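Working notes for the structure below.
Lettered A, B, C, D and E in written order, each chain numbered from 1.
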Amino acid sequence: MNAAHNETLLAIIILAPLAGAAILGLFGKRMSERLIGLIACSTVAISAIISFYVFFKHRVELRDGAKFFDYLFTWIQVGNFRADFALVLDSLSAIYILFVTFVAFWIHVFATGYMRGDKGYWRFFAYLNLFMFSMLTLVLADNFLLMFVGWEGVGLCSYLLIGYYFNEGYANDAAKKAFVVNRIGDFGFAIGLMLLFWHSGSIFYFNDPARGISGAFNWAMNQAADPFTASAIFAGGLTTIAVLMFVGATGKSAQIPLYVWLPDAMAGPTPVSALIHAATMVTAGVYMVSRASSIYTKAPTAMFIVAIVGAATALFAATIGLGQWDIKKVLAYSTISQLGYMFLACGVGAFTAGIFHVFTHAFFKALLFLGSGSVILGVHHEQDMRRMGGLKKYMPITFWTMWAGWLAISGIPIFAGFFSKDEILYRTFIAQGIPDVWAKVLWVVGAITALMTAIYMTRLMVVTFLGKERIPTAHEEAHAHAHPDESHQAVTPPGVGPDEHEHHGGPPRESPRVMTVPLIVLAIGAVFAGFLGIPKGLSDVLTGGKVPNYFERFLEPSIAHVGAAPHAAAETAPAATESAEHSGAAESPTKELLLTLLSIAIAVGGIGIGLAWFKRNPLWQPPRLLEQKYHVDEAYDAAIVQPIKVGSTNVLWRIIDQQYIDGFVNGMGTFAKIIGGLLRFLQTGLARSYVAIVVLGALVLIYYFIR
Amino acid sequence: MEKVLFIVLAVLAIGTALNVIFQRNPLYSALSLIGTLASLSALYLTLHAQFIAAIQIVVYAGAIMVLFLFVIMLLNVPKTQPVVEKHKALGFLAIPFAGAMIAEAFYVLKTLADKKITPAFAIDTTDRAVGTTWSVGYSLFTQYLLPFEVTSVLILMAVVGAMVLARREGD
Amino acid sequence: MQPNDLGINLHAVLPETIISVVAFIIMMVDAISRNIERRIAGALSLLGLIGAGVAAVTLWKHDGETSYSGMIITDHFRLIFAFVFLIVAFLTVLISMRWVKDEELPVGEYFALLLFATTGMLFMSAANDLVMIFLGLEITSISTYVLCGYRRRDLRSNESAVKYFILGSFSTAFLLFGIAFVYGATYQAGATPVATTNLQIIKERIAAGHLFSPEMLLAGAAMMIVGFGFKVATAPFHVWSPDVYEGAPTPVTAFLSTGSKAAAFASFARVFVLTFAATPLIATAAGPLANLQHAWVNALAVMSILTMTIGNLVAIVQSNIKRMLAYSSIAHAGYALVGMVALDWTSVAFYMLSYVVINLGAFAIIEVIARRGDRHTEIADYQGIGFQSLGLATALSLFLLSLAGIPLTAGFVSKLLVFKAAWAAGSQTNNSLLHWVVIVGVINSAISWYYYLRVVVAMFFAEPATGYVKPRVSRSLVAALVLAILGTLYLGVLPGKVLTTLDAANPQNRTAKR
Amino acid sequence: MIPLWWYLGLSSLLFTIGAVGVFIKRNAITIFLCIELMLNAVNLSLVAMSSYFGDIGGQLFVFIVMTVAAAEAAVGLAIIISIFRNRESLNVDEADTLRF
Amino acid sequence: MGEYIVTIVTLLPLVGAIYLAVIGRGENTTENDLKWTALVFSLATFILSLSLAIRFVPGGGSQFQTDVEWITAFKLGIRYHVGVDGLSLWLVLLTTLLVPLALLSSWNSIHKRQREFLISMLALETGMIGVFVSMDLFLFYLYWEVMLVPMYLLIGIWGGERRIYAAIKFVIYTVVGSLLMLAGIIAIYYAHGQATANYTFDIVKITEDIRGGALSLTPATQSLMFWAFGLAFFIKVPLFPFHTWLPDAHVEAPTAGSVLLAGVLLKMGTYGLMRFNLPFFPDAARQWAPFICFLAVIGIIYGALVAMVQPDLKKLVAYSSVSHLGFVVLGIFSFTDKGMQGALYQMLNHGISTGALFVIVGMIYDRRHTRLIAEFGGLANVMPVYSTLFLIVTLSSIALPLLNGFVGEFLVLIGTYTSTVLPQAKLFASLAALGMILSAVYMLWMYQRVIYGKVTNPANLKLADLNLREKVVLAPMILLIFVMGVYPNLFLARSKQAVQDISAPYNPGAVATPRAGVMNETEEK
């Protein structure tokens, strides 16, 4: 069990996309679109194939907690600080690379169609491949610093891809916002990392005797759990580490209060939204928390915070999602909301459930985004749902695949989302380590969110695909599209923009095969992925426990559990104390079943409400507050951005720097000049006055001598 | 007796000296200074410094001061020349400065008051005593030979200098 | 007293004799000939100076000999400074050769006076008796009074002369009174001599505590400081120097600000560092010497602070380059005083040596650019000339930066030496005032960069002023410049040899060894 | 016997008068006269001490001082003549073009 | 005695300068000849200096030493002692690399006094290298001061509108500091001489004697000397609040001057801190560290905030230097090997990244003769290659992992964070980490305003993309940005020993107290 092995293939998983990025970045400009697409997809395909190969090759060992290292070189070594460029494959990272590469591959394929004709085709795929490299590095890293490399790397790619349409001011703003907000999170992450290093003397996850490395998790496992008090947050121990790292997660995974970048990030091309801002990157926070589960489980306060923030975000984003008209914004808030779910799961100790939701979410949310992309392309780059409607007949494949995603996210049984969401709600309900009443409150929040999810997703489907066509004529559209800020921009170069190709022409139509095939594949995933992790209770009831929760079973060795005794895990990292979770007192199949039924009811109810409501009244005006996203952006701007800007300009620069410091410096010069100017008047030019000065000097001097 | 003589001469010297600075006309100042020099010469005699007393009269009063008078007459500053009364403030410094200087001098000198010293001329009254022409002359050509010779350079230089500055243009 | 006891030794005064004789010859030649003398006078002066230099070299091995009844001492102190003066005179002659012709001034007298002044300076450093110091000082002063007023038709020159004369004579009176007091203070009944102006005997008397009146000694020393302080231009006795330097003809200013200052420092050091102070550093016991040393060291330290500060601060606001350099030379007197208060003869000597070389170089260029009648001496006149007269501008920049104390030039090494000496002395004698002197000194150096660079700014950075015509540079001036540049760099890069010589010559070490 | 310090005191008084005279008088020649007065004051000190101590040095010094005074007078008066020729004035206060 | 390679590397540019001053005064010599001559000399210097890096033995102390008597008269004990150790090796290389690049970068942008410009550049190079290789205080001071002159000329003659003000400000600021340092040098020289009876300016010897206890100064004395030295370095760094000369100097200096100013000159300050302040005055350094770190942290945040709102590109980069150098100072005064290695690394990073930034700004300045951000916008449309390279440099500057900036910044932070000597180390590190956020803000905002968006200014429409020369200038920098980010051990291994020597006295027994598990101290490959 959990012996350290080597697996040199891991490097190829990350290096293949890197190579693709390098080739495309350096030479892509002169390549044909076909070649570019081929290179981009094939490198990801290589990663995917190897991921699958490695996974199946080692699945047994992995399930038993084995780890496979791939040491490339020592990156930084100073004194007792060491960071390797080394990869590790354990069950957690194995699952991650599987769905990441898989989903990513299909999104790449989709994108080859979606981006067709774009001037920056090569650039786009270079970024996308670079993103794959970063994401896989993040997942496969065997230490926190390398994870941070991937962490920042995906942030960079996100930045580049959000700002892909660099002629558009809003895209650039969104890109910068994304990067900066992520940096705020990284700030917390970095400090947490340093604190961890300060305590454990290592930033590696696991022991690796071959390299003489001791892991931080091994250290954490041996620590006593922090008490469940607010003061633990500031005590500088494990709880502090966990909270700080969670700050990083809130940035990357768009949680309150740092979620604001994600909706804006929809400025990027839709495949990007699908890949980065739905399926993979944004779940990095969840990955990190799960990865550090051995720390979190020792820090109940931090767990509690994670759960609260997760739940709050889930509800909060869901409400906003209800009020959006932009199809991608709806999905964006939906993503935030679902991420909140995942954190809720982590927060209540159900890491596997969280990861499971990541897994299923990757499929259905990628599907939904790609579907929306297909729609947007179909209606010629229109994202406002008010100008859609009745698209079902024009884009049947898109509709039906999205239909699968819709049901999945709403939590209709059989569909993937059902299993994961249900599991989370159940785990929340029976959560330990936090006050029971809080567990119930969280559950209620989760349930309400589930209801709202079903409602707004139904709204999306209804408004977009059903009902009357509201697609404006070309004339109207042109009018509606005339951005006020564009009118005065006299100089418009032959630029690159989203509106360049296939603009404003003809009725909506179905997307080409290269785009619909990925939709279908992902739809299949959205439907069936959930069967990998049928909750135990459900399984017990339906199949008599014959179908095990593959997912949980597989992930188990990589996840630590609340209350695991330090000594139990003394030898290894997150030990597979299988019994811990299941031996919980509150757990009973009946209750689980009951809750499952309840959640089904919620899902069905939500869909019902949505259908009833929006079929009749698709253009229902949502509350202004929701439409305006609670004015959070404005509040941030007024409370943070503007004060800093104004303060820096008017106080720091103009007053402190120029007036005080420079004023002092120049003042010294002026002072010297003034003194010099005064002293020169001793020199009256009058010989007699000089005599007087000499006499005075002599008198003083003589006095000093004879006194 | 000696003290009376000293006091008389001292008062004379101080009086004429003050007159030097109180006179507006440089001519009278110069004449007044001659009086001071003469008083000093007499004082030198009381100190048995006959040679110095003599050249005080001959060289100083006789030659140097005459040169002064000569120049004063030569330049013949018109009396009517308006006196520019700038910087009068300096005049007011005179009293405090003079007071301070005198105070300092007497602070130093009063330490000598209790030092009883018998003048050498009261003991040694030979014609080779200090102050006689012999003694001065002897020293001048023995111990003070070099300074004496160097004064020739000084004088030569002064002659050249005075000539350069004072001669008329075009010479 | 028998003649052979008198220590008559013509060899000992050979340099002085040569120079004064040459001066005399020049005047004779001047009187006799009307045409050729113009070139000959300069050449003769140079020859005489070289001859004096050779004579001084021949004296080198007679270290420590006194002659003329103790009036003259032939130690290395004297000779080192003699070389400094000879260098000053040599360079001054070189830079004046063309100038004096262009200005249509009496040539023979000019060089004669220059040489007489040099004679006086030589006597000042050679003097072992206050009489000789006084005499040397007067010879130097009176001849420089004349030189200041040499351009007779120029009001500024007149004014310069009259101011210098009044203040110079006035301060000489103080010096004289000081000498009288010191003379009186050394009275020791029954001793031979009874009272003295001989420095060595004075020192012995003070050290032994056999004093008629310590108060008189102190007062006398104070008044002597007034006199010397005037000559070296230390605050508050510096007041004359800006006016005089500005008004005097430029080569004379050069001579004044270097030669006469160095000579005054020679005597100053001879009297105070070697006579009024214990060797090596301080008399530990209380006593007249300790009191005196304590008093003058502290007084000079304060004066040095004042001097540096006033010099540098006022230099900042000057617009006339000569006047600016006048203040700069005041400041440099302050730095040299730092070496004095550290009782470090070597550093003072080195300071003077490098200072005269640099300053003469700077003034040489100023003279060229000033043209006839010193008309272009405003800094504004230097606008943009940098690239038109690249050589002159670069050389001037070098000299100015060296004055500011940039490494690799003499200015830096000399500053380093004086500061180092003062720091060491401060530590050894537990006198934190000396540390403050160093700190003020370095701050002042920083200030000085500002005004030195102003000239560089004007020359290189500003737009050229119209109407600048490249001046013609005579060969003798080029020679002077080359010598000055070489000297500046040599003393800055390889000061080792000179320093070794100076250190070996240091009379303090000598007495300490004995 | 007259104490030595009487002489010295007188000398100091004269010196002071001379010194004060230098900076209150405006006429160049008078200033010069005051300087001569100062030199004479010093001479008195030297002679007095020389005579009292029985050391000829002081008087020799006076001899030298007189020579110097003579030389100074020659040059000084020449300077004064020289400036007078240009300015037609002996007032030193007017010679203040060089200042600050 | 020993080798002369260091001397040759130091003086070769000077030889070039003299050669340039002498040759080809005739009309046959074109400006191109002069430029090529200068370039060849600087490249030769670079190639020679590469041999230093290649032959450098990582574990050793000062290497390639030349130690001959210079001015020993008067017991001065001044020696010509040069050598290269882990501290100076990379800084020397940085210098020799940046000079040819700077020359190339201003190939066509100097329109007057080409010859003098080249002479100044080469002379400056000698000065800069000299500062780093000097192992004698006197020699160090000498180079330190002399180097001012060419820089002064560079700003003053070839600078912008307010060049005179900037040049004088630069010099006076520096000189105030350096003269105080001179006082410090004299003081330590004297103190050392008194304590050991060996009057010497030799840095190595003094360092050894202090470390060995032969010379121990009282804390009060140390404090005074610490500040005497420190002020010079803090001004040069520049540490807040001594920084105001920097924006002016940067803005007014020509591109090549800015590159060297930011790339090398600022490093002299931090180098001096590591070379002198820490080894010489351990007690004072410990005592003042919190205060200095406080200033450093203020500088990090303050510099970033002020940089954010600058309308002028060069000013922005200048203030960003204040911020970046704050990290370096913080790292140094963390007293940990990590912090110092990070600081050293950050020096190199800053030299390359900021040097590249100035080159980049210079490129559009050459085209548009303005540096105002508002004048630009949408350059990505017309200058794609430029935009890409600019992006890489920007990212390097905001410390993106796998680019050079990250390694240095992170090491500084973790070094500071884990410092056991510095009080409130965690607080300092945490505050400093804010700089990470802010740097992203101002750099990306600037990048966005210049590069992204539509071309709003017609003047920008016909801008040509980079030509071959410009690409050649940026290529080595970009390459280094990657290499240093991916494989820092190449550099760290060589500076390790030097840094340990400095940090060890502050952390007695630090190696022996690993907190968990086994620390791996094996030599990296």
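Keep this in mind: a contact is a pair of C-beta atoms (placed from the backbone, for glycine too) under 8 Å apart; a residue touches a chain by one contact, two chains touch by 3 or more.
Nothing here was measured: the structure is a model prediction, and the numbers come from that model.
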Query = How many links in the shortest chain of touching chains run from chain B to chain C?
reply = 1
Key: Chain whose Cα mean lies nearest the overall Cα mean   = E
Request  = Would you mind checking which chain's C-alpha centre is most distant from the centre of chain C?
outcome  = A
Request  = Have a look at A-E versus A-C and report the one with more C-beta pairs in contact.
outcome  = A-E
Note = Expressed in whole Å, how far the mean CA point of chain A lies from that of chain E is 37
Key: Centre-of-Cα separation between chain B and chain A, whole angstrom   = 103
Inquiry  = I'd like to verify one number: the distance from the centre of chain A to the centre of chain D, where each centre is the average of its C-alpha atoms, in whole angstrom.
reply    = 96
Key: Averaged-CA centre spacing for the pair chain D and chain B, given as whole angstrom   = 7
Message = Where in chain B do residues touch two or more of the other chains?
response = 86-87, 90, 93, 97, 101, 104-105, 107-108, 112, 115, 117, 120, 143-144, 147, 151, 154, 157-158, 161-165
Request  = Could you check chain D for residues that touch two or more other chains and list them?
outcome  = 8, 15, 18-19, 22-26, 31-32, 50, 53-55, 57, 60, 64, 68, 71-72, 75, 78-80, 82, 92-93, 95-99
Key: Where chain C touches two or more other chains, by residue   = 131, 135, 138, 142, 145-146, 149, 152-153, 161-163, 166, 170, 181, 194, 215, 218-219, 242-243, 450
Note = Inter-chain touches occur between A-B, A-C, A-D, A-E, B-C, B-D, C-D, C-E
Key: Residue numbers on chain E that touch chain C, as the complex places them   = 70-76, 113, 116, 138, 141-143, 145-146, 148-149, 152-153, 156-157, 163-164, 167-168, 171-172, 175-176, 179-180, 182-183, 186-187, 189-191, 194
Key: Of all residues in chain C, those that touch chain A in their complex   = 162-163, 166-167, 170-171, 174, 215, 218-219, 221-223, 225-226, 229-230, 235-237, 239-240, 242-243, 295-296, 298-299, 310, 312-318, 447, 450
Contact footprint of chain D on chain A as seen in their complex = 680-681, 683-689, 691-692, 695
Request  = In the complex, go through chain A and note every residue touching chain C.
outcome  = 669, 672-673, 675-677, 679-680, 682-683, 685, 687, 689-691, 693-694, 696-698, 701-702, 704-706
Message = Per the contact definition, I'd like the list of chain D residues that touch chain C in the complex.
response = 8, 15, 18-19, 22, 28, 31-32, 35, 38-39, 41-42, 45-46, 49-50, 53-55, 57-58, 60-61, 64-65, 68, 71-72, 75-76, 78-80, 82-83, 85-87, 92, 95-99
